[in-house]
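Below, each structure is written out as structure tokens.
One chain, chain A, appears in both complexes that follow, with chain B as partner in the first and chain C in the second.
Let's look at the complex of A and B:
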């Protein structure tokens, strides 16, 4: 047996020994191959590794939740109980009662046709024997404890009526419903924005502390581990490569693989430098919007419609060769802005200029030829590729449409050159999207966009669906391509450290409005808007000495919802510096220094530290 | 939910109006007329008949008169069976056809859904393999083959059920025709149910439900079954169309006095009013079946009923 066995502390709550998982009929390596771990009461074990390392599968298999066809062997003990020897019925008494689970992707992890209240109450009723009403009362109490606002109303709502962050709170409430001794959180913050990530982790840390609950945090994010975990186990290809106290592993990693992962996670935040670095957009504008507004309507009862402003009064210029970052929380209008600027959705008001030409009134047919110069890379690399087409066809298709004059041979040559440029081997050209990894899919997505040599490349959260190593590789690729081809970059992300790295200027959006715009370095050094400050504070750092304290300061309440925007300054209910003036009228968009713009009544006072914190 | 239902019901009326209009003109575009084809009528007699029924008037006038009569619930006289009105003919036959169709639908759902669930839960088991063979067989055999085969087995050899024919108030007479009509439908529903339940059981919310320790039965009944029924419910619309066309064959095979035959006879005889009456009745039934399917879908999936229409 090759795994490292940490000395088993006395009184371990969960102990896993030599766990192996194989799938019947597959002759490849076992996805979990001899893993041994322990977790003590009140302790948090962080389990880190790339996707496919067997992190989740180990803990699912330990409690009988592995997919069908899995052959599980080894020993799993929960206290004195032999878990692998349990029947399904016995397992049902453990799961949800003594062990709670929080899964990745809250969007698909709740039953769509049952209300939040019903799903919470049924677990409570099942394990405690409480009656329906008592179970529902307790359920509502739980929703309040995970800081889900308006808990009474949420009880009667369906999962699709809640945002991703709210659903993750519901998942945590369900997992905690019966006061479990052990909570297994499988990528609980992946796919959430910075603010939510920090809030969910802070919530988990709080419950662990208050109830002496053991916590297993499965993640690819070292910063999450640094904030919450006491010990860390690093997994690769079904085996444990390193484990130990969090400070030791993160500061003095012994295994080369751990070192590589850590390096990918904590790239030095070198300020981006490009042709238009720090200066105002001097080059010709390749993409510009002015006074842009987008409204969405939705049904509110029989025949009635309600509309809300997803984007309001946005004015922006992207210069040739420049890279501009757009940041903000989920629902702030980042993606809406890119779609409206590319004329992919209906614009309510405002003008859109492509390469200096007003395209506001043009029809889709007239726009088609011009789209060659403005290309888009999507967030979900797998879902944005046609599953029927091979890699070669996917990248060749834009050329067929926009360069019909190319002979098939010439076209193939260009496709192959582009694919080689993004680092895809020739063996992959005949594959389809589902046969590729997430990182490979995103390379195809980038190749598809870049093969047309566009003047503008728009990237909508291109890294958030990838794991650490793939994120780093794609980020480096984007940097190189930009340097080589001189395309302007409009980069949308909730990850501020990424924007700091890639972009010369950054725009901060809050609930569909611009709150701050300026050179990235200056914006980070001295943010002018309190919201920018909060976003910067929420950036997680993979340092166990710093991160727990940062997490402890996070406010646990929910962020603002786009449908319930307060009057005056929209940010005032989260702002520590808000005054009566902020409630009275919306702040104007004013110059705040060299090339800097901000929408805040009090930026001069607070940004210089004149207002008390 | 009520708002959604009302919006959907309101949508039926214009569709019916379009259906009536198109059928009204299309049937008159076909060559010949109710009193033209191969009938020993003198020129005078034909002109007289056409005058009596108003067929000598311009088409737009005929159309207006038809709509006006329809608004008063009058489907008009039958041109080929001159002692009867269209309403009378349909009124006599429809109870038989409707009972047959409804019985077949109920049979198909009550057999197909449990069969599909069972096959999915015991994937690769004996019942699952039986279902594959059963589906292939019943879907491949047309009902004018299965019908006589069933009549032969249960009517002539076992003598449990009547071979054909129909007397009022004898439900036994409807068993064989209903089973014949239901068999392929039952197989389709079972296969749909099996495939969709297998997919749902792999969903992450099922894993979440299991991780809450809810137990197999509760996970199946409260979490998996409702979403798994969605494709089956969507199939009810096409199934209704199948029942309408299928009843034509089955009613002929078992000599039932239903309305199915009027569809063919009316069209051949250019009996305009009878065809229009049948189009109206079956069109309404099909639209109602689709509406019922959509309402069921909305009940199964809250995301559907919250969509703006």
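Let's look at the complex of A and C:
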């Protein structure tokens, strides 16, 4: 049913006019309510908004992918073609061939029981009619182009054998298989860590540049938009609130909502203020681990099992009232460290001290009573809350367990006080986790941990599953709670700017080993380890003047995987300053200044700029 | 936003399922009431012989409105009496199966390792024994027509599948983050099992239980049909169908009446199980 209409705006590849999506029988507002957008060939449009703003739905609906029961109206044209008037068969030819899609969760977008190579070759064969052999060759070429290391071997692997970053590369390869004119990337980096986010965005920017491919980047992250987009559209509750060139919108936002989002994204990282500003662990140690090692075994074939060191020789001390950040990429052992320090997983070697007491040999029974003082906040707030319990019961449970002497009334009072403290309205107390937003779930998680008034709060990436505004709110809440209750904080994150904001000291982990430890401010001003430097460089800023240049410098190759740790210094294959010595011997853990420690053979030379960059 | 649309889709089909769920529950309730009160409300007893009306066909004006069998026993009373026996055996043996199955499966799944392997091998061995063989042995030991033996025989097989289902569910629940969260809070293993594992299994178990009851009734009917179950003059739906089948050509009502009741009963339980699964899943 394609038709060429006269009076087309020349140059628009995709034009959406007054797009509306409604669900039959629902009385609520339309989730997409009159959105009009255009995308020119070779242009990148960033679409920004919070979850639920209708960003993804607009583009899904535009290409016939809206969920069942949706009524789509408006006009969508791809070049001269009227997309909304197309048959399902025509749409099938458009999707994949002319328009590629990349979704947030690469695991659910790949079929688990087929190899990467087979899935990729299928996509190619389907749209180009190539024979199997030729399609497979092309598939391997594509995997190399998206910089998936060891592409030939990866072709024969299944999705679950790849890391999140690798899977996202595969998804991009599939989307690019038929050289689409338009790529729609829906939150492509949200599930990834800083380094990978920068790499995937740099990769997308490169394809857009080299092949004049138009790109729609749907995201809640202004920094991603600043790095890649030419124009930006801000959406809220199904409507467009502001759109324009990226520089104009990000620097001089006109709409108050855009301003609010930008403020949440780019708050100046004030140095963390705390009792131990000189970063020496002044108070008594509330949590300490020494020479901690954790090994995991995994199947390496039908019968063989191999073990690898997830954590090796980690020693750290968390002082009373202190907040210590643990940073590193995914797979560096951050989460393993929190679980081992809380004795939730088996420790291979090393000692763990809680409140000055060695708990290494204690039985599970003795540990349980002590857990009251050390509580954990999880990364995924929804998964960490029992789906069948109400908010009130979730927060009341720790009290039932540890303060059985409390009368039900007194307990309810404490629960309500805690819930009010974390900013949850009384109307929500009877709800279950899946009826809450991500931010509300995380508030429940924090309330559950804080209701026992623990001495130590361990946070495992508590913000990375949330969108910008919720992130900011939860961060402020954590800061306030820490100020009020004086709990020590062990804060695990891949987001360095967050750690800089919240923590007095920071520990950097790389593939399960400590590479640098020191006061956050000093660590940022003058990192002693080249890896710390790279992490700092990968921090994205929502500034269109700076971010594209930073992205252009990102190295596109994959980070090392924990299973393939090289001998000597584990970081040497990514280190610009590596020498023969680094391949030969693992660097020792040495003092690098006041309260600073580092594991690098050459930190003195390179950190002072002696070695060429 | 995709989530909200899914929730919306669900509510519509939920409403449709809700109706059939209520209908099925109503039919079951009605049958249970009939089984309890029906025989008492009738002037006839299940074993009384009426020599004046042998093999009477059903008819609204007749003395026995659903007819009689070749010995002149009232089919209406006998069917409801059989329903009562079948339901009792079905519910009791299901309850026994549930208790054993849940405890066995949850323990194996939670503890894991060697204990799990041993417990599951026991299940495998019991599975591989022919069910009829167990029944024949028990019948030879304790005599035919013993209801306790019948319960034992049926219960011995009923819990096996449930134990496997519960074990698999426990295994996957065990890896969920909220279980780790509970351990981090300081709950002991029994507390975690009781507060977080079992409640989240409730949906699966309820569904399985509603499917188990009809299965048990089928087992019982099958055994009675073979003559290994309830002995005359007492009756169960299975034994009634058995004797009805023998006179299928001369007195078809003797087969059709109890068979219809059995089919309606089984169908209602199956619909109820399907509906319950949706209602009890907290994320829907």
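Heads up, the rule we're going with is that the second predicted complex is superposed on the first by the 603 of 613 C-alpha atoms of A that agree within 3 Å, B and C clash if a C-alpha of one lies under 4 Å from a C-alpha of the other, contacts with A are read in each partner's own complex, and residues count from 1 in each chain.
Heads up, the rule we're going with is that contacts are C-beta pairs under 8 Å (C-beta built on N, C-alpha and C of every residue); 3 or more make two chains touch, one makes a residue touch a chain.
Predicted model only: the values in this text are computed from it and were never measured.
In the model built by aligning both structures on chain A, chain B clashes with chain C. Of the two partner chains placed by the overlay, only chain C lies in contact with A:401; chain B stays clear of it.
Applying the stated contact rule after C-alpha superposition, one finds that A:252 touches neither chain B nor chain C.
Once chain A of one complex is fitted onto chain A of the other, the partner contacts of A:585 are absent, as it touches neither chain B nor chain C. When the two structures are aligned on the shared chain, A:52 is found in touch with chain C, with no touch to chain B.
In the superposition on chain A, contact of A:378 is made with chain C only, not with chain B.
Of the two partner chains placed by superposition, only chain B is touched by A:161; chain C is not.
When the shared chain is aligned, no partner comes close enough to touch A:153: not chain B, not chain C. Shared-chain residue A:131: touches no atom of chain B or chain C.
Superposing the two complexes on chain A places one of the chain C stretches 94-102, 130-138, 166-174 or 202-210 into chain B: stretch 130-138.
Residue overlap on chain A between the chain B contacts of one complex and the chain C contacts of the other covers 60, 67.
Of all the residues in chain A, the ones that touch chain C in their complex are 23, 25-26, 31, 51-54, 56-57, 60, 67-70, 339, 342, 344, 364-365, 368-369, 371-372, 375-376, 378, 380, 383-389, 397-398, 401-402, 432, 434, 445, 448. If you check the complex, the residues on chain B that touch chain A are 2-3, 6-7, 202-216, 218, 222-223, 226-227, 300-303, 306-309.
Touching chain B in their complex are the following residues of chain A: 60, 63, 65, 67, 88-89, 91-97, 100-101, 103, 105, 108-114, 122-123, 126-127, 158, 160-161, 171, 174, 177, 297-299, 301-303, 305.
Chain C meets chain A in the complex at residues 1-2, 4-6, 8-9, 12, 176-178, 180-189, 191, 195-196, 199-200, 202, 282-283.
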